[in-house]
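Here subunit A shows up in two complexes: once beside subunit B, once beside subunit C.
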Partner chain A sequence: MTVDASILCALREMSWGVSGAELSRQLGMTRAGVWGHIEQLRALGYDIEASPHRGYRLLSSPDSLHADDLYSRLGLTRVIGREIHVFQETTSTNDVAARLARGEAREGAVVFAESQSKGRGRMGRVWLSPAGKGLWFTVLLRPNIAPAGATQLTIAAATALARAITLQTGIVPDIKWPNDILIRGRKVAGILTEMSAELDHLKDLLLGIGMDVNLETEDFPAALRQTATSLAIETGAKVNRSELAVAILRELDRDYDLINKGHFEVLAEQWQERCSTLGREVSIRVGDRVIRGQAESLDDDGALLVRGAHGHLERIIGGDVTVG
Partner chain B sequence: MTVDASILCALREMSWGVSGAELSRQLGMTRAGVWGHIEQLRALGYDIEASPHRGYRLLSSPDSLHADDLYSRLGLTRVIGREIHVFQETTSTNDVAARLARGEAREGAVVFAESQSKGRGRMGRVWLSPAGKGLWFTVLLRPNIAPAGATQLTIAAATALARAITLQTGIVPDIKWPNDILIRGRKVAGILTEMSAELDHLKDLLLGIGMDVNLETEDFPAALRQTATSLAIETGAKVNRSELAVAILRELDRDYDLINKGHFEVLAEQWQERCSTLGREVSIRVGDRVIRGQAESLDDDGALLVRGAHGHLERIIGGDVTVG
Partner chain C sequence: MDLKDIKAIIDLMRKNALSEFELEKQDFKIKLKRGVSGPMLPAEDTAALAYGAPQVMALPAGAPPPAAVPALAPPAASLLEIKSPMIGTFYRAPSPESADYVEIGTEVTPETVVCLIEAMKVMNEIKAEVKGVVTHILVENAKPVEFGQPLFRIRPA
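Up next, the complex of A and B:
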């Protein structure tokens, strides 16, 4: 952990105040050094009180993503979030993560951006990502599975997003197979899974996640206002993005551990409970084909099993689903 | 086509000789300009005779890969080879092609290297690629199929390699599923298929091909001499690499057209005729698992169907096969 992350950690743990002497001891640096870091954090928007009696106290944190802050909130995870990058603006966090993946980035590295100039959804569609209003980030994974198993990770991400939303807001969202999170039928988050692979094994898997956190109705183009929503619109209050981000990473870390231990079925069950697609008549566009039938269940790889009109099962690994 | 490619094309078409006046008319440039290009080609090792009676005549071409030369030999193809890059040395042609794919490279672009410093086979294994002795190249494709269909392209490449070898040398090689070409049980070529994809569709597919053309026994490390071979070792004579390269690209262009028209079954048939894996007892290592059984056939996606001891069929998309 960096010094700034350690200081934020200590300030959050000892919310009644921590003395400069104590911080200086914990960090192994002079009290003047500690003071310098406190000043830096204040410059970043952290409101830190310094009183002779109580020492330092964190009164409030800025509404911005900051790697040290995220480390200090996240604590210890198995894989996910042990390396965090935050950019003010990028083209697309998936592109940045792909570049990092070809370099030295470790598994579980996460790339956040406050805004994306070329945020995208599936099939190259535009994803709106206004500055400071949402969570736009990518998690790099290197699971030891075949490319066909990539749907498992999308399912894991969807369940993690849904649980984190419930934890932070009390809202229980629906999941639309395989990659959308809905509240009252409107999309609040999506997942763009991209991978590089050989025929029989994944090399890098990128879970690109976009969540509309604090967008207001007027932040959406008119064409999207009937089909998209945000947590702020649904709850009537701003949601702390850093807390939410950390909740998502923790939940995803747990799900990923289940997959690595061969317990995908636990996730599949959770997913099926929340899924608005199962049991419904669906049309799924896969490339140029449209497949119609009843969405029955998930298979071991996370593919959707659809029962066609003639009673045969089709196995769908991804596509555009329309219910009804 | 570039001027150099056009000149080589004309010299090959009119092997009895072509006048400077005729070339200057065809190319729309002065005779002095034509002379300048002839001099450039000579500097590259093309032996071009200039006589007052017969005009220019191509006596011989150098044993090196040269994009203009390859264009002039290839002629018109549907997709493959309409963009060719030749490097003297690269890390790996798959890496270069991946970089070009993220830029402006068109589908069917081919990247050759005279040598690779980090040539690799499946699972990151080292692939020996000594300068000027083989064909080390990558073809960029963007087929409109799901990631699971990538095996189809590996199958197409394998049949194209086998046919091109037969055309150029008369030897009929075996195919070992999914990605090796063997002569008398020894590996002469391999295919490394890599892809970038979303869950349900491929973005870029790279067919990395390595073929041992003119390696001598002493070019192989002692450990490989029992399991690897080259066309020169098998035929007892040097093989023209440019001719062979062009034959492969033409065959692959034909196979790719079949796949795009939905006729993969034609390839699957050709493949099954040449395949030394089918009908045999095999062990296949896929990640940490070993699957044993009788290799029965290919399915529509090019996956290998293996009948296990208990009679059930397993569908294998890639792995290390041991026969027997």
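Up next, the complex of A and C:
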């Protein structure tokens, strides 16, 4: 952990205040050195009180993502979040993570951006990513599984996002097949996974996640207002993005561990319980073809089984799903 | 386009063992076919014939029986298949508005992306993994594919 991350960690643990002497002992540096770091954190927007009686006290943190701050909040994880990068602006965090994947990045590295100029969804669609309003990030994974197993990770991501939202806001979201996160039928988060694989071996998997956290209605273009929402709109209050970010990383870390230990069925069950698509009339567009029917159940690998008008069961593995 | 250009195309077709070439411009259309006519043969046979046929003619009397002929084809003559690493939907372009990743005749390197396979919003860009030329596209856009299903044939360069 960096010095700044250690200081933030100590300040959060001892919210009543921590003396300069104690910090310099913990960090193995002079009190003047500690003071220098406190000044740097203040410049970043951390409101840190210094009093002769109580020592240093963290009064408030800025509404911005900092790698050191995220490390200090995250605590220990097995894989996910051991390496965190935060960019003010980038094209797409999946692009940055793909570059990191070709370099030295460790498995579990996470790339956040405060804004994306070319945030993308499925099939080249635009993903709106205004500055400081959401969580736009990518997790780099290198699971030791066959490429077909990648769909397990997209299911894991959906359940982890849903749990983290519940932990931070109390809202219990639904999952639309395969992995859109919905609140009252409106999309609040999306997952786009990109992978590179050989025939029998998955090399890198990029879990791209976009969550609308503090967007207001007017932040959405008119065309999206009926179909998209944010946590702030749903709760009526701003949500702490840093806390939410680390909650998501912790939940992802848990799910990833379950998959690595061969307990995918636990996640599949959670996912099925929250999947609001089941039992509904759906239409799925795949290229020029549209399949209509009732979403009946999920196959073992997560594929959607749809009962068509003529009673035959069709296995859906991809495409645009419209409910109702 | 003059005779020299057409000869150059025929040379290219021979070099890459392409059996058909078609080009259409405003008021100009050319279609070239070479080698085998009739039903499509399996890749290896096509390649063997394309290279092997003239060799058969050149064989002296008493030469080994025709069964030995394919062995005369250079190893590079056989086509390689790019197979799908997973069940999913096959896409030839990154989005409906984009140009296709590759066409028949596109020269590829190992890093060239040839298609996209989607399964449950997991997008897998498939790379050629070899240097060569695309000779066959075996699946239509937006159609389901199985694990191990051949997607493209490539003539290695």
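Convention: the second predicted complex is superposed on the first by the 308 of 324 C-alpha atoms of A that agree within 3 Å, B and C clash if a C-alpha of one lies under 4 Å from a C-alpha of the other, contacts with A are read in each partner's own complex, and residues count from 1 in each chain.
Throughout what follows, contacts are C-beta pairs under 8 Å (C-beta built on N, C-alpha and C of every residue); 3 or more make two chains touch, one makes a residue touch a chain.
Quick caveat, the model's predicted, so the values are computed rather than measured.
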Partner chain(s) touched by A:317 [first = subunit B, second = subunit C, both, neither]: both
Subunit B versus subunit C as contact partner of A:198, first or second or both or neither: both
Touching partner for A:144 - first (subunit B), second (subunit C), both, neither: first
Touched partner set for A:66, first subunit B, second subunit C, both or neither: neither
First (subunit B), second (subunit C), both or neither touched by A:125: second
Subunit B versus subunit C as contact partner of A:274, first or second or both or neither: neither
Contact residues of subunit A, present in both the subunit B and the subunit C interface: 122-123, 146-148, 150-151, 154, 178-179, 192-200, 286-288, 317-319
Contact footprint of subunit A on subunit C as seen in their complex: 83, 85-89, 91, 94-98, 118-125, 127, 129, 141-144, 147-148
List of subunit B residues in touch with subunit A within their complex: 122-123, 144-148, 150-151, 154, 178-179, 192-201, 203, 286-288, 316-319
Interface residues, subunit A side, partner subunit C - complex: 122-125, 146-148, 150-151, 153-155, 178-179, 191-200, 286-289, 301-303, 317-319
